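Below, chain A partners chain B and then partners chain C, in two separate complexes.
Moving on to the complex of A and B:
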């Protein structure tokens, strides 16, 4: 296909991606160095109250927003350098906390709290999802043919459901005296409040994510199991490999490219964890990096959105994505050079 | 067929494997099944700590609202019929409705017909049949499981959830149509080009796919809110404010979805042999004609699969729609959040549950109808990408 036809085919998509993905990225970078604020002026106001023998007058200086002719408050945008980053990272408080050796204090700062959760969440769910997906694939592969369809149908439900609703549905099982909490209380013979402290919410969030993504891993592994080379399997059996050895030396190597693929997709997605915080309404205890940006973007009580702080936290989130992507990009590049 | 001795599995292993499968199916279905059950009960029953009370709903039954043995059997029969029809007979129906080789039209009308029929069966036929037959059947017709649809009525009519439904419909339809149109062109171009440019485009798309959506929304918000001022020099007084406009959100979601769409469509296009294009080109087609007349007719399975994933992205999105749309244009998923904020009485909570179930129901039907396409879409991306 010649260059011009290629551009004609790819053009609309390229245009959309440039306008709505690349351009916003640049503008976020730019916004993170700027702050837009209302302009305030200080005026001296004299207020008098009637009194005896003469009225008491108080003169005080007040600041009030400058209004434009249209009646809207006047705003100005100025370059502040790294101030927004400083507001998000709070380096002084963080350094002080580190000097005291007090990790708890460090984790009181929103950004570090969010970073801690996002990273532990990503790293803990990864092996769980691979494990559950693999075991499921092996079990379904083992099962009678006629029940495979229904099992896949049921397994796809958690995967396809709206994430916020999925998180909510698990929350409703546990909230207050929901049946799961009632069951746990009966079993452990003690009072349980799942949403009163951070770590129990985190367990539920981990559970939700495994429940939501394991079907994806399962379907992919299951499809790959269908193409397993039976000759290799038979020779392994003849060589006297035990069931576990067959899994370790025949099946897992066969699935390896897909295990890497699922891991990469999962790392990208888990790093963006967000819907769990909304669904479990955990913002008081557990927050994630993407939720932090979302929170800066939501109007506060006076209707202001802290765009510059949101931009700063976005850019900091991006650093993690870049680190995640480097190995993937290097691999793609090697493949490309190898193929051409 | 007899299995060789060496491959035969010990009983313990088979039992563990079967047990694990049962356990998984229970876990996978329980939360969804449970909210569906809760949504039909009075708050006292729905939040009872005894699970049997939640299922049988004694308080709801006392009010005379409930399902009889006959009603339950009838409902199960209807559900089984729907499942069997969706998995077995929908594809032939789609084929039959296909006019002029436009398979997508066939599928669209088949699914729309099917959806309407299911809604009609459960909303009108079911109450009518049980209403007539229950009194005639004696003890079989006595309510044994409490159930009420009052929360659904409250959500859909009093709280005007149908407005959010319409907004969701507009946004998802827009996203699916535009992203498929743009995506098939790009996917085809990328699949048929070996240039370095194509490679770098795909790599860029991969990077874009990994971006957190909040980062992008941070970039959109200020220009969207101020767009009337920014665009005034170009459009004059008619300059629109993009914030709160469904079509602006459609454009945003299409773009966010584009990297994934083009990767997936490209791998589907790569499965179509190049000889097909070449044959068409020899016969005098231009590239575009070859694409439209020869390639697209064999591409429909891939397009339907990709369309499903676009639909899911738009339908499930919370972050983008909640930040870029205002209250009047809100779609269904963010609208649920308004229930949390006033979740004061238990009735409100059950209404939130009913709203959540209403959002899930179409997805349930979707999995039923398109199970095979979803699976093929998942594996396609993995094996080729």
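Moving on to the complex of A and C:
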């Protein structure tokens, strides 16, 4: 392709990526080094609120933001360097916990608690999704032609459901005396409370994510199976390769680039796990890194929010994803170099 | 990329169509919009406002996330805002609502003095109703077992033990202890009820002390009699536990009382009685905080618009509306006849329960409590540890906000 044609095709997308991805990222990076504060003054304020039978008025000392002439609050922005990162990571406390060899203490710090869950969640769901996706693809590929259509349709359904809605449905099935809990209680003849402790919630979350994303892996793998070289397959059969050997030495190598592709996408998605925390209301037991950012960013009733810590936390999330992706990216790069 | 969860969870949005009708005393010519929470009382009030014509209401349970930004715009995106004692704080802080004294003088003949929310001598909001968490209990169960309605949390624990022994319901007690805002709120009620003060010098945190530990321990003692999934239970969940005959007592919001007698949902119609919130110490004030809901008028609009908006709002808050909707809230408006369901809120008010002490600092404290109290209840942290973490988180946020 000519250089100019190439630019003409890639240019618009490059421009949009710079505008909507790179520029916001730079601004978030910048914000994570700064803190914008309102300037407060301490005043005596008398507040009157409904009482019974008459109003009650209280006078108290209170901090109130200073308003400028224009009626806008006076704010000042300071460069704070890595302070917001320190506030998120709490390195001194983490180091002290590690020195004592007390993991429980480390996991009491929000960031490390979130990191622990995010990592286990990502790394446990990855092989499960690849495995379930592959098994589904092989099963459908070997199924009778007439039922393939319906089977593909049904297996794709979980992927179509909006993630939060899916998570909520699972919650409703299991919370309190939900249908599934009631069934389990009847079956096992004991009282079950799925949302009373962390590990049961985590199992539900893992189950939900695998159920939700496995169809994606399945579709990709199934498509790839259609391009499998039948000659190689037949020679493998003639050479006496068993089913497992055929899978190990013919099918999986054929699918390898796509397995890496699915893994890349899944690692990026799973590291940003969020819907499960909201849907399952698991904040008391498990939180994720993305939820932490969201929590910093959500204003409380009085309108406070921590933009700086939210920025720091989202930069840390991004760094985490990059670290996770490095091995896969390096492999892709090697393959690419090898093939060209 | 997946759509953000927020968007889906966000809320129930309902646009009340503006249709002029005869119930309003004047014909409104100026377009007026309002944004408020979406619970029953707001539906009734905005429907009454809509009768004046040219009015559009946005009812959104997540309004608190939009309101400050919408009111800071020039001109403001809404003329009327619905607020509570906490959500008025950002509007006051940013100076985006106007004092209402002149409008009250002009159009507020029917308001009672109790409705005028004053900050520094100026009327900043017109309250319409109060809300508070107070005791709701199954009268039939307590009567059967010969238990008097508990006046303090110690009595509540004793009652819970008897109910548990009798085995008449799944769990004796229900509570809104969902992690976050709800469980933070429970701590605030208990801590204030035990005579605690959240701050020294107005901003320095003061929860990691004897009172804080006692409050936490009382909460933990109560959880022994609850559904083990209490950390996911919000107001709706507790309401359903009552309606489905699963709990016998709870400290629940007055605004939920109406649902107990809703025959379409409830299996316990007429069996639930209301009383003041239990005291945290024997003989003390009810351990709860009083909330009010009311309207504010934006500053960044023309005086003409403000005039029209206030008149429309007064139509929404008139006696006709209250008489048609007397069961859905504890109104402050003239013409309100409190019924059986309002007893709990009124007794709590009479008992001297304090108003929720909303402020910038309290907002930060509430968030810190919401994030850390659960760790004590699950056993992940000791009471001292949890409270130390509350203070540490508060200090970090207060430094970031500029309070220190």
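Criterion: the second predicted complex is superposed on the first by the 279 of 340 C-alpha atoms of A that agree within 3 Å, B and C clash if a C-alpha of one lies under 4 Å from a C-alpha of the other, contacts with A are read in each partner's own complex, and residues count from 1 in each chain.
By our rule, a contact is a pair of C-beta atoms (placed from the backbone, for glycine too) under 8 Å apart; a residue touches a chain by one contact, two chains touch by 3 or more.
Since we're looking at a predicted model, the values are computed, not measured.
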Discussion item. Between chain B and chain C, whom does A:275 touch in the aligned arrangement: first, second, both, or neither?
Written reply: both
First, second, both or neither for A:255, with chain B first and chain C second = neither
### Partner chain in contact with A:51 - chain B first, chain C second, else both or neither
second
Q. Thinking of the overlay built on chain A, is A:114 touched by chain B (first), by chain C (second), by both, or by neither?
A. neither
Does the superposition put A:64 against chain B (first), chain C (second), both, or neither? second
First (chain B), second (chain C), both or neither touched by A:223
first
### Message
Quick check on the superposed pair: does A:193 touch chain B, chain C, both, or neither? Answer first, second, both or neither.
### Response
second
Between chain B and chain C, the one with more contact residues on chain A is chain B
Query raised in the report: So, A:298: does it touch chain B (first), chain C (second), both, or neither?
Result: both
Just checking: does A:73 make contact with chain B only, chain C only, both, or neither of them? Give me first, second, both or neither. second
On chain A, the footprints of chain B and chain C overlap at residues 162-165, 176, 274-275, 278, 281, 294, 298
Touching chain A in the complex, chain B uses residues 6-7, 9, 13-14, 17-18, 20-21, 24-25, 27-32, 34-35, 38, 47, 49-51, 54, 87, 181-183, 185-186, 188-190, 192-195, 197-199, 201, 203-223, 251-252, 254-256, 258-259, 262, 287-288, 291, 312, 315-316, 318-319, 323, 333, 336-337, 340, 352-353, 356, 359-360, 363-364, 366-368, 371, 374-375, 378-379, 382-383, 385
Per the touch rule above, chain A residues touching chain C in the complex are 35, 37-40, 42, 45-58, 60-65, 67, 71-73, 76, 84, 87, 104, 108, 110, 162-165, 175-176, 193-198, 269, 274-275, 278-279, 281, 283-285, 294-295, 298-304, 306, 308-309
As the complex stands, chain A meets chain B at residues 1, 3, 5-6, 8-10, 12-14, 16-17, 19-28, 31, 36, 132, 135-136, 138-140, 142-143, 147, 149, 151-158, 160-166, 168-170, 172-173, 176-179, 182-183, 211, 215-216, 219-220, 223-224, 237, 243, 258, 261-262, 268, 271-272, 274-275, 278, 281, 289-290, 293-294, 297-298, 305, 307, 310-311, 314-315, 317-318, 321, 324-325, 328-329, 332-333, 336, 340
Chain C contacts chain A in the complex at 2-6, 8-9, 64-65, 68, 72, 84-87, 89-90, 93-96, 113-121, 127, 130, 178-181, 201-203, 227-229, 231-232, 237, 290, 292, 299, 332, 346, 349-350, 355, 358-364, 366-367, 371, 374-375, 377-378, 380-381, 385, 389, 396-397, 400-403
